[in-house]
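Before anything else, here is the set of structures, which you'll find just below.
Both of the next two complexes hold chain A, though its partner changes from chain B to chain C.
For the complex of A and B:
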């Protein structure tokens, strides 16, 4: 164990950090809906991925502006990077939901 | 190429698409609860053994804030020196202070039954994870083979054709028309987020965890604490304590001067 301390780390209150992990479920739900939108609209190829990127940007922007009040580093340990990062699972979730809705609406009659 | 559209029977959607997804969700939840049930409760340690394990933590907690410490120097030094003496005399050791002539040895991890339990538990969970996936794949291959299920909204290279269109022998069909096995793969990767939402972060149904974890990781978790020789650790900890004592700096030091400066009663630096 290091004998030097990280003074900034001392000031962090662990239960609050855990609570802010609720951000991951917000992101998951927003990508589910984005996938549904992409499927329903029948977006193909790169248009669908463009919607994915647009949803990342808009979700992050809303959280940045409203929740973090312009200072993500204060609320998240990874700062801006963690806010924007969609997470490995969510990309596949988007593709799954997109394929599902695209299939239901456009492929089947 | 894209304008050509196959007409698929809606019954395929009702009887294949939804059931596969539903089954995978339910099996994932089942796996999670099976893993929970299979986990044996951690072995309870005796009071002396627990004290031995926690003794190190006490000094680590003390040291962690030493350069910005909330406790005044007199208290800090007294706790620090008390711990230091205790480590030297071996009062916290599980079997009492070491005898001068007895050699100290760490228990062998392979023969220590507690560590073996840890490894077994890890391997059991691995088996539980793998078996349902194999079963579902077999079920899908048996029942849902030989027809096109869905069209992917994005293109893929021809290399994927053999994997995603297994059982459909049409060399010219667009790779975007895929069989049920590929729907299985899509679900396999895509449902992790859903599991995280319903089962909480650390769930036993997460397939991304299966690929990174292994029995060796579980072994790594089970071992620390058991084969360690606490006597040696205590000796090392004494040095750390001394070092931290030198670094100690009370946050309340010169508090009277700081407050006076803050309110302007004393000339600023």
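For the complex of A and C:
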């Protein structure tokens, strides 16, 4: 049962940690919407990434307030850092949806 | 319920804003001045779609569960988790424990 020698890790109940990975889908949806808005507004270059940073801040704040109810350490083993981290693939998701909408609206004749 | 509504509204607003932008740009191209700026309505609609989308995505997630063992043990008893099977024995002292009291004689 306790196969790890890390004392702090023995206090964590792993199936609930797995359940809380539902937050990754929240972040994915948020960055899809943000990318679409960046494409619609025709943002380019640094303005688009500024919207990406703004959406990271907004998403973190909303997850902190609504999902974690003010106590991220209770639900995420990484605490606040893990909450703010957008995840490895979500920057590519943002760029994908951004270029998709930008291409359809502003470039396609 | 409300989260699905938010997500649907956000998607519809996004598609509407996208189509409006496309129409506006087509109009500008037809008029021959392709460097106009977007009307403010579309900007507001996009930002509203973004905010609704963020809120809908967050409310759509299932309620999170505490990750510590202590909180999980609040819902269970220790006997359910660790039965100490190696210490179990089947001799019962009920005959002595629940016998009616004598006046010193066994």
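Throughout what follows, the second predicted complex is superposed on the first by the 98 of 109 C-alpha atoms of A that agree within 3 Å, B and C clash if a C-alpha of one lies under 4 Å from a C-alpha of the other, contacts with A are read in each partner's own complex, and residues count from 1 in each chain.
Quick note on the criterion: contacts are C-beta pairs under 8 Å (C-beta built on N, C-alpha and C of every residue); 3 or more make two chains touch, one makes a residue touch a chain.
All figures in this text were calculated on a predicted structure; none of them were measured in a lab.
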Combined model on chain A: chain C and chain B, fit or clash: fit
Contacts of A:74 with chain B and chain C, given as first, second, both or neither: second
Touched partner set for A:88, first chain B, second chain C, both or neither: first
First (chain B), second (chain C), both or neither touched by A:25: both
First, second, both or neither for A:104, with chain B first and chain C second: both
Superposed model, angle subtended at chain A by chain C and chain B (C-alpha, nearest 10 degrees): 90
Closest approach of chain C to chain B (Cα atoms, Å): 5
Overlapping contact positions on chain A, where the chain C interface meets the chain B interface: 10, 25, 29, 32, 39, 104, 106
Interface residues, chain C side, partner chain A - complex: 7, 10, 14, 17-18, 21-22, 25, 38, 42-43, 46-47, 49-51, 53-72
Chain A - residues contacting chain B, complex: 1, 3-5, 7, 10, 21, 24-25, 28-29, 31-32, 38-39, 43-45, 48-49, 87-90, 92-93, 95-100, 102-104, 106-109
Chain A-facing residues of chain B, complex: 2, 5-8, 10, 12-13, 17, 21, 60, 63-68, 149-155, 186-187, 189-194, 196-197, 201, 208, 240, 243-244, 247
Complex interface listing, chain A residues touching chain C: 10-13, 16-17, 19-20, 22-23, 25-26, 29-30, 32-34, 36-37, 39-42, 55, 58-59, 62-63, 66-68, 74-77, 101, 104-106
